[in-house]
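Each of the next two complexes has chain A plus one other chain: chain B in the first, chain C in the second.
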Partner chain A sequence: MSAVAQRNLIEIRWHARAGQGAKTAANILAQAALREGKYAQSFPEFGPERRGAPMQAFNRLSDEPFYMHSGITEPDIVIVVDPRLMETIPVTDGLKPNGWVIVNTHFSPEEAQVRWELKPFKVATVDASAIARETLKQDIPNVPLLGAFAKVTGLVSLETLQSDTVHRLEKRFRDRPQVIEANLKALERGFNEVSWVDAQVFEPILAEPSQIAFKSWTELQEGGIIPEPSTSLLYRTGSWRLERPVFDPQKCVQCLMCWLVCPDSAIVLESGKVVGIDYDHCKGCGLCSLQCPPKAKALTMVLEAEFDKK
Partner chain B sequence: MPSVKELAQKPMPLVGGHRACAGCPEPIAARWVMASSDKPVVACLATGCLEVTTTIFPYTAWGVPYIHVAFENTAAVACGVEAALKALKKRGRYDGDVNIVAFAGDGGTYDIGLQALSGALERGHKFVFVCLDNQAYMNTGIQRSGATPRYAHTTTSPAGDVLSGKPQGRKNIMEIVAAHGIPYAAQASPSHWKDFLLKSEKAFKADGPAFLNVLIACNLGWGFEPIETLEISRLAVETCFWPLYEIENGVYRINYKPRHKLPVEEFLKRQRRFAHLFRPENHHLIEAIQAEIDAQWEDLLRKEAMSASKGSSQ
Partner chain C sequence: MVEVEKLPPKVNEEQKRLVALSGNEAQAEAMRQINPDVVAAYPITPQTEIVMQFAQFVADGKVDTEYVPVESEHSAMSACIGAAAAGARAMTATSAQGLALMWELLYIASGMRLPIVMAVVARALSANLNIHCDHSDVMGARDSGWIQIFAEDPQEAYDSLIQAVVIAERARLPVMVITDGFIISHAVHPVTVYPDEAVREFIGEYKPEFSLLNVQHPITMGPVDLPDYYMEHKRQQTEAMKRAKEIILQVGEEFANFFGTKVYRLMELESMEDAEVALVSLGSSCGTVREAVRALRSQGIKVGAIKLRVFRPFPRDEIVKVLAGVKVIGVLDRADSFSTMGGPMFTEIKAALYDILVTQKQTAVTSFIPLGGPKVVNYIYGLGGRDLRIEQVEVLFHELLEIAAGKQVEQIWRYIGVRE
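For the complex of A and B:
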């Protein structure tokens, strides 16, 4: 018996970063459900942001026809493709009590419940990034997460997902069968390696008000003018980072090359000297570390995951 | 040209918190251009990545006055700003002195914005038009543009069994712009910052409209890792895919001649948009690209030699 009781309409919300494959995963899931005789939808929602920016994708699965086409605000299941999103984005917003949160992380479900305050929900965790790195040789966690989803919810079978994956990749990788092989492996490992725990708290949670207070149209200036300069500093893009530049002031020769090339103006200067990095806005592109003179090497890139462990 | 240390003393014209992709050189280029101005700057933007990512309401990353109207009329808007400031001065309501800079992508320059640009250049308004050329409509999802190079894969010129990427070559926008007889037009790349800053400074000092065509390596649309941005831009210059040159009052000057011109393959092989060219059956396409680039480079050398003799006989 699967862990999710059969209900007529199941709504699923994916939280990922643009470029992590959530749109594709949602698509595969919908196709697999269709093939099993269900009615299904899948669609992404992007802001005007770019690769690395938070995005959402949605699925609706049902045994009967349905006519809703809106974005999903009260999901039954939330899938978190990048756990670092939970630092800035309220991923469980509107999630039904006793709903599922499936997280890509190396933490156990119990640890995840505590770490990200997920006690009111059923939590499943799988280290999808590690599986992807081992099987696909790159960090594309969407495929193992699909495997985990199938195991936890039982809404689609592993076999259907497997045949769909083959079907999807067959044409593109016809001369590289090992890619398809690796994807199937990733799917299966996700299925086998996921573990989960029940909800610990059963009170309804009140959604917190949105952080940005949008003005009503009557309060806006004509032409949508923004009267103050540089307000984007209030918006943090630091969580987009996969790698963090670490600055060693002892080694710095103050050539300012890092400051010159930083696309996010995130090199902090004090009276004309580099003193550190603005981690609230640095997106971790690494251009600064490459511009740093090899003899100085005052900037080194370190995987953000290293800091999570500490 | 001010030194980097002097630039660092100036207020930041474009701050962080914008939502361009990690490693995107557009904010770098915009900052460098504006920092090279000796006067306060007013920026006019076309619809495009730079506009969309820096001005998500209610935020703005701009530290300078900034206006966006539409995709096609950036140059016209810049002219309007220039005319309005003149009118205000005439009436004694304003006595400052500013530089006007327009930023547009290749879509807003080569294609959709071309007529407004042509009109503005012909009327001779004093402003600097910067084309941030990432060689496709990256903002809307990598559709081909008039700036997309031959055989590049885009979503509307996909590489497959029928097509090998875009069948046509790029428009020569530098020649189109220079044909208006403007005082200054130049091609620059963020990989060569000194050259870039010198050209920006010259553009602002030009007596009339000036044009800068800047190579913007797009990690999403071209297919490479963000950290490679400046390396790929450098390879574009070293292979003569993107020659650094300027046309000053009709005189051509190549600012950088690679000592050993690298084969274009070195530039192509680092990008997924050209990955299909490296299948054995497509090898002749790389040769075709090389031949085209060689011909363009020769042509440029010839123009430089010719205009040099013209310059000395005057």
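For the complex of A and C:
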């Protein structure tokens, strides 16, 4: 543990997909902490900068001034905005023993602790997506998650988050006070509906060696040349998807428009005919479904969350 | 050490032609003999003749080159990058604003490790508008990952451009060969030209390891390179630059053996064996300085000069070895860095000397350094084509000698030949 880690400094890592509002949530949290007289930072770290791609955002909160600009590798709190990320990303990497994992899910904290192997951590769950859909009429789980964060950590108060929300939105939605109301409701429901459970095991967590074997500069092709084709197949970008195209072979007229427009070559052809979707590489952009002739309607976009429930 | 077998030169004296050529003509002639696959260029003074003449060679069917007349230097370098990525031998030429307009592409060429060769006819950068020589354009590109070779005269420009093709392809780095605008580009000098076949034999056939046009073996070049890999590729690039030094020396030896010329190295020394003071310079001024050295030596005054031929990679250890025993060094910079601490070559040479002091106990080179090291002063001269005269150089040598004799250095760096 570094000298810094012993200071009174709380480090938070958000796991989300680009477009889910994690960066905004981290900003709101920093803002609220500042208003309460704390010192705070918020910063994002993007990957491929595409909607749906996994991304991280970070917060540091402290009662004392601090100055580092380095990344956060040993957080105290991890917030998982999209639980499907846990299938591909080790969200608890470096998380301190007995640290918090706050997850947007309909599972109970006990279920989540078992399902995602979170026993060494305190786990809080809240169905933030459902709350967002009911209050904000869209799946933006960041607002209810902030409410849940305030409740379980006590690091900011619900009142500050609420007054900040009003302050932030009042100009833009002057003519639509119901939007502000909905945001306040989402915050409050997140605060009230979160439940949590203590850590079940108290053993030091041994850092697992990194999964990916990065090559040294002496082993790489000079100039960054990728000397063989189709290497993007190795990257299972299917997890970026928020919506999934569902193919109905009965309705398909085999016009191949979907195959033509798919930017990720994810429409599977056999003997020149569409037979399905390569979900390992489909990013859910919806182009295929848009281009499918209205009379055929053989491709429908369905929320991934629907499949998780089943 | 470079080891090359000593054999009589392949090209004998009868096969060579002595002709009168300007710097630009000499470079165009070299390009004709090189017969690159692709040339993409845009004319700009004082480089225009290179492009004009080469375009004529293309029109007359004297080369097999695909000539791409582009609408700007940005496109010229872009086309060269595309051609080189496709596996072609690609060349271009430019000056001043043209080089500046290529800026982002220079880094792409070197980052993708493409062996593009470019003749740069050095010219002052605007503003104010000036078409004459200085090195502000070239120095702007000094950290772009290109090998930079300065030619003193048309002969060196011709020889160096031919060598550059081999250097670039072996080092997998782009190379610029630099001549001084007007002073060399438009001045006619005697140039020994070699037979076409000999030049083509020397450079050989280019067999790139990768080609974007090879549909049997599709590859990706210039992909996105995020924090997890970008730095490794830069580390490779800097290693390639380090290796390039050996390659330049090797090609210089091979060239001498093949064509029976002098051996081109990283620098050339004039009376440095027992010199008490020395001037370091680049390009055409090196000849003027050499004349001053010879004049003073004839009076028994122990002065010397270093002509730096290769500025990138910077021959740090080699130059320190030569300068270590000198009492006072004057660095002639034909560009200001506006750092308020002198010109670009001045800071490089001081840094090189300082490095050796820091690592004093560890290297053999350091035994050459007297305690405290030599004193180094800087003269910024010749901006926008202002002449540098032998008498001026002699005055500088006398100033260096006075400092060597104990005179206090009043100004570490200053402009010379300027109306104060």
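In the analysis below, the second predicted complex is superposed on the first by the 287 of 310 C-alpha atoms of A that agree within 3 Å, B and C clash if a C-alpha of one lies under 4 Å from a C-alpha of the other, contacts with A are read in each partner's own complex, and residues count from 1 in each chain.
Following the convention adopted for this analysis, a residue touches a chain if its C-beta (ideal position, glycine included) is under 8 Å from a C-beta of that chain, and two chains touch if they have at least 3 such contacts.
Everything numeric in this text was worked out from a predicted model, so none of it was measured.
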Chain B and chain C placed together on chain A: clash or fit? clash
_For A:226, using the defined touch cut-off, is the partner it touches chain B, chain C, both, or neither? Pick first, second, both or neither._
both
Using the superposition on chain A described above, determine whether A:275 touches chain B (first), chain C (second), both, or neither.
neither
- Query: Touch check for A:302: first (chain B), second (chain C), both, or neither?
  - Reply: neither
With the two complexes superposed on chain A, say which partner A:253 touches: chain B (first), chain C (second), both, or neither. neither
Winner on chain A touched-residue count between chain B and chain C: chain B
*asked:* So in the superposed three-chain picture, is A:217 touching just chain B, just chain C, both, or none of them (first/second/both/neither)?
replied: second
* To do: Check the residue A:68 against both partner chains and state whether it touches chain B (first), chain C (second), both, or neither.
  => neither
The clashing stretch of chain B against chain C, among 115-123, 151-159, 187-195 or 223-231, is 115-123
Chain A residues where the chain B and chain C footprints coincide 47-48, 214-215, 224, 226, 228-229, 231
Chain A residues touching chain C in their complex are 47-48, 214-217, 220, 222-229, 231
Seen from chain C, its contact residues with chain A in the complex are 111-114, 172, 210, 217-226, 228-229, 232-233, 235-236, 239-240
Residue set of chain A touching chain B in the complex reads 19, 47-53, 212, 214-215, 224, 226, 228-237, 240-241, 255-257, 259-266, 269, 272, 278, 280-287, 289-291, 301
In the complex, chain B touches chain A at residues 4-5, 7-9, 12, 14-28, 31-32, 49, 52-64, 190, 193, 219-220, 226-227, 229-231
